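Two complexes follow with chain A in common, the first pairing it with chain B and the second with chain C.
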Partner chain A sequence: MSQTFVEPSAPAPADAVPRDLTTKPRFSDRVFRGVVTTGGLSSLAILGLITIFLGYRGFEVLRQEGFNFITSSTWAITTDDAGNVVESHFGLAAMLVGTILCSIIAVVIAVPISVFTALFLNFYAPVWLKKILVSVIDMMAAFPSILFGIWGFLVLMPSAEYWGKLLNHYLGFIPIFHVPASYFTRSPFIAGIVLAIMIIPIITSVSREVFSQTPLDRIQAAYALGATRWGMIQAVVIPYGRGGVVGGAMLGLGRAMGETVAVYTVLNIVYQVNWHVLFGAGGNIASLIILKFGDASPYEIKALMAAGLILFLLTLMVNAGADLIVKRFGGNKR
Partner chain B sequence: MTTSVIPAPTRPWVASTKDRLFDIGIFALALVVDLLLVAVTPMKGKLAYVFVFAIAYVTLSALRQFIVRGSASAKDAFVSSLVAFGAFVTLLPILSIFVTVIEKGSKGIHLGLFTHDMSMATPTDPLSNGGLLHAITGTLTLVALALIMSVPIGILTALYLTEIQGRFTRPIRFLVQAMSGVPSIVAGLFILSAVLYPIAKNYSGFMGSLALTILMIPTIARTSEEVLRLIPNDLREAGTALGGTQWRTVAMIVLPAARSGLVTAMILGVARIAGETAPILLLTGGGDKVNGNAFNGPIGSLPYYIWKSFNAGSPESITRAWAGLLVLLILVLVFFTIARFLGSRKVAK
Partner chain C sequence: MTDSTESENEKMDTTIKPSSLGDVASSVTRRAPGTMAMGRGLEARGIHAWFGKNHVLSDITLDFAAGTVTALIGPSGCGKSTFIRTMNRMHEFIPGTAMAGEVLLDGRDVYAQGVDVTKIRLQIGMVFQKPNPFPSMTIGQNVLSGLKLAQLKVANKDDLMEECLERAGLWNEVKDRLNAHGGSLSGGQQQRLCIARALAVRPQVLLMDEPCSALDPGSTLRIEETIRHLSDSMTIIIVTHNMQQAARVSDYTAFFLSDNGPGQMIECAPTSEIFSRPRDKRTENYVTGRFG
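Right after this comes the complex of A and B.
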C-alpha cells in the first residue's frame, strides 16, 4: 500500500496577520446597546438638567445676594407702580433652620419606633403576622402626602398640642422646650410628628433589610451560648446592623427635608428663625415655595428657583451620604 | 428480667398552664392599673389608656421574669414587650387615618360625584352640588401620560443595570437612588423653569405629567431591576446558545419572562405619584371643568381638588376634601393591591 504524502505547504509568510476571533456585535445589537445606554444615562441627564436650569434661573438672585442668601433671614420685595423691582432682600436662613429643625424632630421620633418595628418583624413576629405587617407598612409608604397633612391638621393636632403643653409644663426649663408665648398650635413639634409618621415606613424597611442579613451562624452561636433573645440582638444584630440603621435614618431625613404639602398644611409658616420647637411658628424651604409662588413677581420667582436649588443640593447630599452608608454596611436594596 | 421505664416525652419549651395563667393575670392586672391610673390622674384620652397600659404591662411582665428567672430574663421580657409596642405604635397612625378617612369621607360620597364636575359649583356649596368627575379624569390623564413617558426610560435604565452592565453601572445605580430622593417640589420647579416658562408658557396637564415622570422613573427603574435580576441566567444563556443576538434574547426571552414583574413596577410607580400634590399645584393650573385635552389649558386633578376644598375652609368644603381623599386613597390602594398580587407571582411561568 502506498501512501501519498502531501508535501506540507510552504510556511506562512512572516507578515501574516492572526485571524480576528472576537465576534463583532451585529448591527441590531449595537443599536440595542446604544438605546439602552442612552436610556440608562437619562437619570444623569435629568439630575444635571435640574441643577443647570434651577441654577440658571436663580443665578441673578444668588449673585446679588451672595452668601446672604443662606445667612440672612428677610424675605422682602418692594416694587413700584409699574411693577419694577425697587428693593429686594432674599435670605433663606429662617426657612433653612425650619427645614433642618422639623426633619431632625421627625428623625428623632421615627428612628426608635422604626428600629423596634424592624426588630419585631424580624425576630419576634410569627410569619403570618410579619407578612401582613410588611404589606401594611409598605402600603403606608404609598399614602399621598396631602392625606398625612390633612389628617395631621384635623385629627392629630388636638392630641399633639396637648403633648406639647405637657412637654412645656414639665421640661420647659430646657431652652428648646421653652415657648415665648402660650401658642402651641401648628408648631414645628407637630409638623415633626407628622413627618415622623411619613418616614417610619422607609426607615423600617431599610432597617429590616439590614437586620435580616445578619449571618445566621452568629445568631445561632449566640443562642448556643445561652443568650436570651435580647442578649442575641444586643450582641449580634445591633452591631451588625448599626450602620444600615444610620443610613436608613439619613434617607428618612432626606425625605423629611423635601416634604412640601404636609408641612405647609400643619405648620404655621412665619418668616423668622425659631428654635422653640413647641411654639407655633416655623416653616421649611419647600413650603415657602408653595406659599410665595401664587402671587410672586418674576423676580421673586427667580429667588424661589434659587431656594429650590439649595433644597435640591441639600437633599442630594443627604441622600448620597445615606446611600453610601447603607451600601457600606450591607443592605443592597432601596 | 429487667423492666425498662420509658419516660413520657416532655416538651419543656411549651408554656405550661401555670405560665399561661400568669400571662393572663399580668394582662388583667395591667388593665386594672391602667384604668385606675387614668381615672385618678388628670390624664385623658384614648391614647393615655394605650400608653399607660403599655408601661404597666412592660413593667409587670419584666418584674415577674425577674422574680422567676433573674435579671437577664427580665431584660428579655422587657424588650419583647417594648418591641411589640413599637410595632403597634407604627400601626396606630395607619389605623387612625383609615378610620377617619372612611368615616368623614363617606359623608361626602354620592352618585353625582362621578357624573358632575365643579364648573357650576363652588367648594362651599351644599354637598349635592357638583362632583369629582373633572378631578378623576384629570388624574387619570396625568397618570397615563406620565406612565407613557416614564416606563420606557425606567425599563431601559433597569435593562442597562442588569443586561449591559457597562462601566456606568455603579454611577447610574447611585444616580437612580439619588433621583428617588428628589423632593417633588423641586421636580415641579424644574419643569417650571425648563419647559413651562421658556417653551409652553401655559399651564397644562402635560407639564404636570412631565414632573410626575421625573418622580416615577426611579420607582420603576429600581423595581424593574429587582425583577430582571430574578430571571435565571440559564434563560439568557439558552437564548445565546440558540444563536440569538443580545437584542433578540432580551426582547424575546428576558422581557416576556419578567412581564408580570414589570407590570408590578409600573403599578407601584402609579401608586407613588397618583397623590403627588406639590408639582400639580405649580404646573397644572387646576381647572374646575372636565378637560380632555392634556396639552392645552388648566386641568383638574384629585390632589388639586382636595387642596382647594380644604383651603376653602367651610364645613362643606372640608367634607368635600375628605370625600376626595377617600376616592384617592381607594385608587392608591387598588393599584397597590394589584401590584402586590402580581408581585407575589414574581416570574411568570
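Right after this comes the complex of A and C.
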C-alpha cells in the first residue's frame, strides 16, 4: 500500500476554521434557474398587482364608508342628471354573511360525500369502475359553472325547495332552519347544494390522493389483527388522511366563496343580512359584483372593486386557516 | 408432540372450545396466560401460491404442533413470507394472487366456505418485518387496538394491557408512559409493542415475518427471549434470515428453496438436526454458508 495514514490520535490544529465550500453552477443550470425563478415569481407578481389594483381603485370608497363597508347592508347610490354622485351608501354585510353561509353549507354537504366517494374509490370499487369514476369526477371539475347554475335553477330548484320545506317542517325549531315567511325558492340552501356539487370533485380528488398514500404496512397491521375493512379504514386510513381531507375541504371552501355565475343564477340577492338558510334571500359578494358591474357609474365601480378586495382577503384568510389546520392535524402523528 | 399431551388438548377442547371460531370474545376473558389451550396446532396441506401467473410456492406440506417454535429459513425470494401469509389468509390481500391447498387450524380448513377471515386472523396473529404500530394511537391504545378492531369485549383492559406488555417484554420500559404515542418508541420497542398488540387478541398461532431484521442486536435478543416465553402458550412460526437466530429460538426448522422455479420445502426437522446433520445436500450447503 502506497498510501500514508494520518495518526488518528493527532490533535486537530487549534486554529481550525471551517472552509468555505463553494460550487459554481454551470451555465445551463443558471439559465434553467432563471427560467423557473421567473415562473415562480410571476404568479406572485400577478397576484400582488391585482391586490394593488383592487386596493387603489377601492380606496376612495373604503375611506368614505369606513367600517360601515362591512357592517352595514345598504347598497344605494343616487346620481343627478349629469351623473354626479348625490348620495351613496355601500355596505357589504349581507353579501359577506351570504357568501360565508352558502360556502359553509356547500362544504357541509360536500365533505361527507367526497370522503365516502374517495374511500369507495380506494378501497371498495373494482378497478374498471374506479377508472370510469375517476375520469367522470375529474370531468365534473372542468364542467362550466354556468351549466351547473342553469341546471340548478331548472332541475334542482323544485326538488330542493321541497327538501327545504321538509327540513323546515321537522327542524324548524333550530334557528337557522326557521323561515320568517314561507318563501323557499332561491335560498342560500339551494345555492349551497349547487356549490357543493361544484366542489365535490376537488375535495374528492384531494382525499383520494391522501387516502391512497396510507402506508401499506399499517393497513396490513390492521387486517392482521382481525379488522374488517371498515375497521381498518377507521383505525388507519382516516387518522392518516384527516389533514389532507381538511386541506381539501378548505380548498373547496375557497372555491365556493369565489364562485360567481352559478350562485348568481340560483340565489335571490337581497340587501339584508339573513341567517335563515332555507329562506329565499341571500347574498354573495361575487354575484353582487356581476349584478352591478354592467350599469354601474364610475364611483360605484370603485365600490365594487373594494368589495372584490374584501372577497380576496376573505379567501386569503380561509386559505391561511387551511394551512394552519393541515399543519396541526397532519403533523408528526402521521 | 407426544400422544398424551395431544389427548390432553383434546380434553380441553371439549370444555372451553378454543377452536370454535365464534368463541373468541368469551375465551379472551376466561383464559389466563400459560393455561391456554393450544389446540392441535396448524397444518399446511399441499400449499401452492401464485402472484398472477407466477407460481411462487409449490406443494408445501408442513405440520406445526401446538406449543412449538418453527423457523423457516432459506434464501430471499424462496417463498417463506408468502407461505406464512397463506397461513392467516393475508396472501389474498394482494390483488391477483391465488393459492391452492388447505390450511388446517385445529383440523378445520381456514379457507373453507363460510369461514370469517377476520376471525381467522384473530386466531393466527402476525408480526411484520418492519415495526408498524399505529402512530395515531398511544402505546396503551396500540396494545388494545386489536380488541377494538375486532369489536371484542374484555373484562379488565388495564390488566390485559399490562399482561401483554409484560409478555412482550416491554412493560418495564413503558409502564410510566402508556399515554405516549407509539411512534415515540425505539425500533426494537416498537416491534415488541407490535408483539404485545398481536397477543392482546389471544391468538393460538403467531406468525413472525423476519421480526428482527430491522433491529439492533440488543433488541433482537429481547425479542428472542420473548419468543421463547411465548412458546409456552402458543404455536410460533418465524421466518428468519439469521441462522443463529433459527438455532437459538426454534424447535423445528424448515428449509425453503426455489431453484429458478416455485419455492419448495426441501426438508423440515428438529432444529439441531438441520444444523448438525441435514439430510439434503442443499440444506447442508445453505446452513454451512456455502450459498445463499
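Here, the second predicted complex is superposed on the first by the 282 of 334 C-alpha atoms of A that agree within 3 Å, B and C clash if a C-alpha of one lies under 4 Å from a C-alpha of the other, contacts with A are read in each partner's own complex, and residues count from 1 in each chain.
By our rule, a contact is a pair of C-beta atoms (placed from the backbone, for glycine too) under 8 Å apart; a residue touches a chain by one contact, two chains touch by 3 or more.
Every value quoted in this text rests on a predicted model; they were computed, and no experiment measured them.
Between chain B and chain C, more residues of chain A are touched by B.
Of the two partner chains placed around the shared chain by superposition, chain C is the only one that A:224 touches, whereas chain B remains out of contact. Touch criterion not met for A:182: it reaches neither chain B nor chain C.
In the superposition on chain A, A:146 makes contact with chain B only, not with chain C. Using the contact criterion defined above for the overlaid structures, shared-chain residue A:235 touches chain C, although it does not reach chain B. In the three-chain superposition model, chain A touches both chain B and chain C at residues 228, 231, 333-334.
Every residue of chain C that touches chain A in the complex is listed here, in rising order: 88, 90, 93, 118-119, 121-122, 125-126, 128, 130, 132-137, 145-146, 148-151, 181, 183, 194, 197-198, 201.
Within the complex formed with chain A, the chain B residues making contact are 45, 47, 72-73, 75-76, 78-80, 82-87, 89-91, 93-94, 96-97, 100-101, 152-153, 155-157, 159-161, 163-164, 166, 168, 171-172, 174-187, 189-190, 192-194, 214, 217-218, 221-222, 226, 245-248, 250, 268, 271-272, 274-278, 281-282, 303, 306-307, 310, 318, 321-322, 325, 328-329, 332-333, 336, 340.
Residues of chain A touching chain C in their complex: 215, 217-218, 220-228, 231-232, 235-236, 239-240, 332-334.
Taken together, the chain A residues at the contact with chain B in this complex read 25-26, 28-29, 31-33, 35-44, 46-47, 49-50, 53-54, 56-57, 112-117, 119-121, 124-125, 133, 135-140, 142-148, 150-151, 154-156, 159, 162, 197, 200, 204, 228-231, 233, 251, 254-255, 257-261, 265, 286, 289-290, 293, 304-305, 308, 311-312, 315-316, 318-320, 323, 333-334.
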